[in-house]
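In the two assemblies presented below, chain A is common to both, partnered first by chain B and then by chain C.
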Partner chain A sequence: MFRVFAQPNRQLAWIASWTLFAIGICVYLRTAQVRHIENPEDHIVPTVKQLVTGFVHSASTPAEEDDEGQLGEHPSVWQRIYGSMLWKDTAASGKRFLISIALMFPAVLLGLHMGAFPWIGRFFIKFVLFFDKIIALSVLPILFIAFGIGEFAKIMLIVIGVAPTIILDSFNLTKSVPTEQVIKGFTLGAGDLCVAYHVILPQIWPRVLNSIRLNLKGIVLFLFAGEMIASQDGLAYRIALLQRHMGMDLIIPYVLWTALLLFVVDLTLKVIIRATNPWFREV
Partner chain B sequence: MPPLVDVRNVTVDYRLKAGGVHTVFKELSLTIQQGEFVCVVGETGCGKSTLLKLLLGSEHPTRGTILINGTPVLQPDRDRGYVPQKYSLFPDKTVLQNIAFGPISEASRPFCFLRPQWWRQRKQVYADALQYMRHVGLSDRDARKYPDQISGGMQQRVAIAQSLMLKPKILLMDESFSALDPNTRRAMQRLLRSIWAENKTTIVFVTHNLSEAVYLGTRVLQITQNGKLNCSEVSLDLLVPDYVRDAKGNPRQDEIDRIIREIDLPVAEPATPSEMVEVAS
Partner chain C sequence: MLLLTKRFLAFFLISLALSAAASAQQPSFTVAWSIYVGWDPYQYMAKTGLLRKWGAKYGVTIKAQRFDYAPSIDAFTAKNVDACAMTNMEALDLPAASGVDTTAIIVGDYSNGNDALLVRDTNTLGSLASKKVLLVQKTVSEYLLERAYVLNHADDLLRKVKLVNTSDSSIVAAFLNDSSQAGVVTWKPLVSQIRQSKGVTTLFDSSKIPGEILDLLVVRTEVLNRPDGSGQKFAKAITGAWYEMMDEMSGADADKVLSGIAAVSEDTLPSYKEQLSTTKLFYKPSEAYAFTTAPAMKEKLGLVRQFCFSHGLLGANIRSADDLAILYPDGSVQGKGDRVRFRINASYMQLAAKGQL
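Showing the complex of A and B:
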């Protein structure tokens, strides 16, 4: 069964892959049940009913700091969702996240040019390597002092944390394109930029997207760090706020919601990589 | 008539990491005339591929000059087609896109897609590429396939068509058929001979297979190593390719073997540098 050449059949493989989820859920439910028998007012391990109530509440009512009167007397379901605490927090975090992802693309281009043009590579490589070793969270106070506690500092934190990895990854991927391909490009009449953008970039592009996909957790980690320390909205801000009130019935749905969002983004990127690069089979 | 390729007193030295210098060529000189099919043979590590890289312009000699059509070689350009053994095609492009890459990239200008004539030109390039694809023996249904969906032999056919699209002055091939099985290899050799006979494109073909060199080339250059490195040439009277072909056009191995015995070229077998034989002109 546990041999290298073992070939699990489809049903058993499916069961095996969901076993840990099932165990985790069972352990949670049992713990919640036991604790609620001992103390019906327990907030540490909420029951499923409390979790569902908490999630519905967060997805249909505005945050405490917002005026409930903004929704009018008889708001529709969509108006309730749109004005809800969950939507507001998701939109705030999502905006920062998308800006951060967009800022990864100049990093990819820098890595491409560093790898393709030796002089640009020599100019940047040592600095980027040094930059990569700086622990992004350690510069957070500097960022807040220098740029204030606004959006810019939080986005800069993400960029400082993830961009060097993306630059170095793009650089290494560019270097890994076989020299034969580059020479071939020139012998087919391409110039320097044509080789960089029409020979090298299309080959590294799906791998770069994959690299960004694998760094999504890092991006969200820095995003949450920034939001928890200095923010007035966002998913991490809400989790930090609820922690003070021990609001586990909302924290757990928020954590699961964040994981679900990240899973959807990951899946979307996978689909985009496969659809736009049919030749690429590594994802 | 001035030679197409003129290699003058070229020396190539590599600095070794452990210190010292490794000399690959010392005062190497050779000329290649327009329309020649030159095969370069020699043992692994003797400098065959280095010679090709020098002609390509991807490496530069320590001393000496290399002229193509009287112009010094500075970097790879469209005058020299290139078919390497591996990575000969762009993996992200289909067969047709690979063949059309040269003319398309040459015609590309910033925002060229805004001009209607660009789209007409592009359509014409793809029509021409389809012709080249058929010419090297590929069918239309291969056009949309990616390189990893076709065999090694088909990949090399595409690579040859890709290079010929731009009508280069010289086609440089680096062990292009080494990774192919014997049957495919023979088919590719026949294809290359017929293309050469038809277009009279100058070809420099690097191989470690002496039989292949004798079958294909109008001239065989053997790079040898005997203390100092040099290059010896053996002219073979193979201008008529049928000389070594049977009635079906297949190479006659017995005839090739007889020629090899007559000219006393060392058949490719593992040998130490001191055992390698220099062949007199």
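Showing the complex of A and C:
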């Protein structure tokens, strides 16, 4: 059964891969039950009913700081969801997240140029290597001076935290493209930029996307840190607020919701990589 | 090798047996405290042997353990520590609201200017409308801000203020370095740091709401009511130790004691004294007892409870503020009689006042 060449059959493999989930859920339910028998008002490990109520509540009613009356007399289901706390927070965090992802692409281009053009490489590489080792969170006061504490600061925190990794990765990927191919490009009459953009970039592109994919967690980590430090909305803002009175009945749904969103983004990127680069099989 | 293992095992078993024997003789209690002007004495009490002395008198072992503030309350609510220093607001919205019956045995002090609303480029509450105010939301900071507006009859303007939830670890830098932030609500020593900056004025502080933000020592009621009576012994011991500490802090050698306290919390004597100046510390148990049993106590705690309720801090299963009832020293209950979750017990302070500890 535990051989390297073992071939699990479909049903058993399915069972095997869900076992830990089942155990986790059972342990949770058991803990919740025990704690609620001991103390019916327990907040720390909410029951499934409390979790569902919490989720429905967050997805159908406006946030506490918003006006209850903004929805009008008889809002439709969609209006309710659109005006809800969960949607508001997801939209706020989502916006920051997407802007940050978009800002990773200039980082890729910088890495490409650094790898392809030695002078640009020499100019930037030491600095980027140095910056890569700076823990963005530890120099927060400087970031506050430079960027304030608004939206811009949160996005900059993510960019400073994650972009150096992406730049270095694209740089290394560019370096790893065989010189023969570059020379071949030139013999076929390509210019410098043409080699960079038409020979090197298409080859490293799926790997670069994959690198961004692997850094999604870093992006979200910095996003959450930023929102927990100072903000007026967002998924982490809500979690930080709820933590203050142990509102685990809302925190757990928020955490699962964030995990789901991250999973969907990850899957989407994976599908895009597969679809646009059918030759690439590393994902 | 085998011999070593055997020896180790024997040693281990003996030490286990010894510690079991010790704990069988003397029940042990842990007090969680966090850095704050009114709680820093706990560490000093542990260091100078006051806790040991009073523990020995009542046959209990008392340990003081430092936490960060939020984790200290989490540990208390999770029943990992027996007693914890916290404010009245947190006592209501964390342990009590989570169904952990909680009793306050020492009312140590109240904030008399420790918490403040500081603003730049303005001097009226009205002009903060549609501007940003930094604060740690859902804490005494937000309570203070709300009280500032209510006391100035400007409740309707409060809704227009944009609150930015800002972590206390970065609130000073965030406010001072970003001049687009109109105001900040926080506590000392952060307040003192911000006040040093130019153009910042204090618009409101907790000296205008004396006795509403209380700093307490709370014990889990089940610990206090242990059938073997050890909980009550613990309460007597810690109260006795506390008021001996208070005597030392206000006595002839006060400066030496205060610098000792400041040192354990990594503060300086001038800074600690400055914080004490805006803290109404009850040095005499009789003062604390009189304050705790005064009728005004109910009114003030009622305001805090209402705040917690209207901000949803009491949790989803609390339908009205009365679902979280408070038992006062005179036996009266604020809220539903069958839902008492928070008790103010002045009897230990009374014993201390009478010198019967």
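Keep this in mind: the second predicted complex is superposed on the first by the 283 of 283 C-alpha atoms of A that agree within 3 Å, B and C clash if a C-alpha of one lies under 4 Å from a C-alpha of the other, contacts with A are read in each partner's own complex, and residues count from 1 in each chain.
Here is the rule we go by: a residue touches a chain if its C-beta (ideal position, glycine included) is under 8 Å from a C-beta of that chain, and two chains touch if they have at least 3 such contacts.
Just so you know, these numbers come straight off a predicted model, no measurement behind them.
Considered on the superposed chain A, chain B and chain C are sterically compatible, since they fit side by side. When the two complexes are overlaid on their common chain A, residue A:277 makes contact with chain B while staying clear of chain C.
Once the two complexes are laid over each other on the shared chain, residue contacts for A:183 go to chain B alone; chain C is not touched. Residue contacts after overlaying the shared chain place A:198 against chain B, while chain C stays out of touching range.
The vertex angle at chain A, taken between the C-alpha centres of chain B and chain C once both structures are aligned on chain A, is 150 degrees to the nearest 10. Using the contact criterion defined above for the overlaid structures, shared-chain residue A:241 touches chain C, although it does not reach chain B. Put chain B and chain C next to each other and count what each touches on chain A; the higher total goes to C. Here chain B and chain C sit at a least CA-CA distance of 44 Å once the structures share a frame through chain A. Judged by the document's definition of touching, no chain A residue lies at the interface with chain B and also at the interface with chain C. The part of chain A that touches chain C in the complex is made up of residues 39-44, 50, 53-54, 57, 64-65, 140-141, 144-145, 148-150, 228-232, 237, 240-241, 243-247, 249.
Within the complex formed with chain A, the chain C residues making contact are 70, 74, 77-78, 93-94, 97-100, 134, 136-139, 162-167, 170-171, 173-174, 177-178, 180-181, 311-317. Within the complex, the chain B residues that touch chain A are 56, 58, 75-78, 80-82, 84, 86-88, 90-93, 101-103, 105-106, 108, 146-148, 162-163, 166, 168.
Across the complex, chain A meets chain B through its residues 178-181, 183-190, 194, 198-199, 202-203, 205, 277-281.
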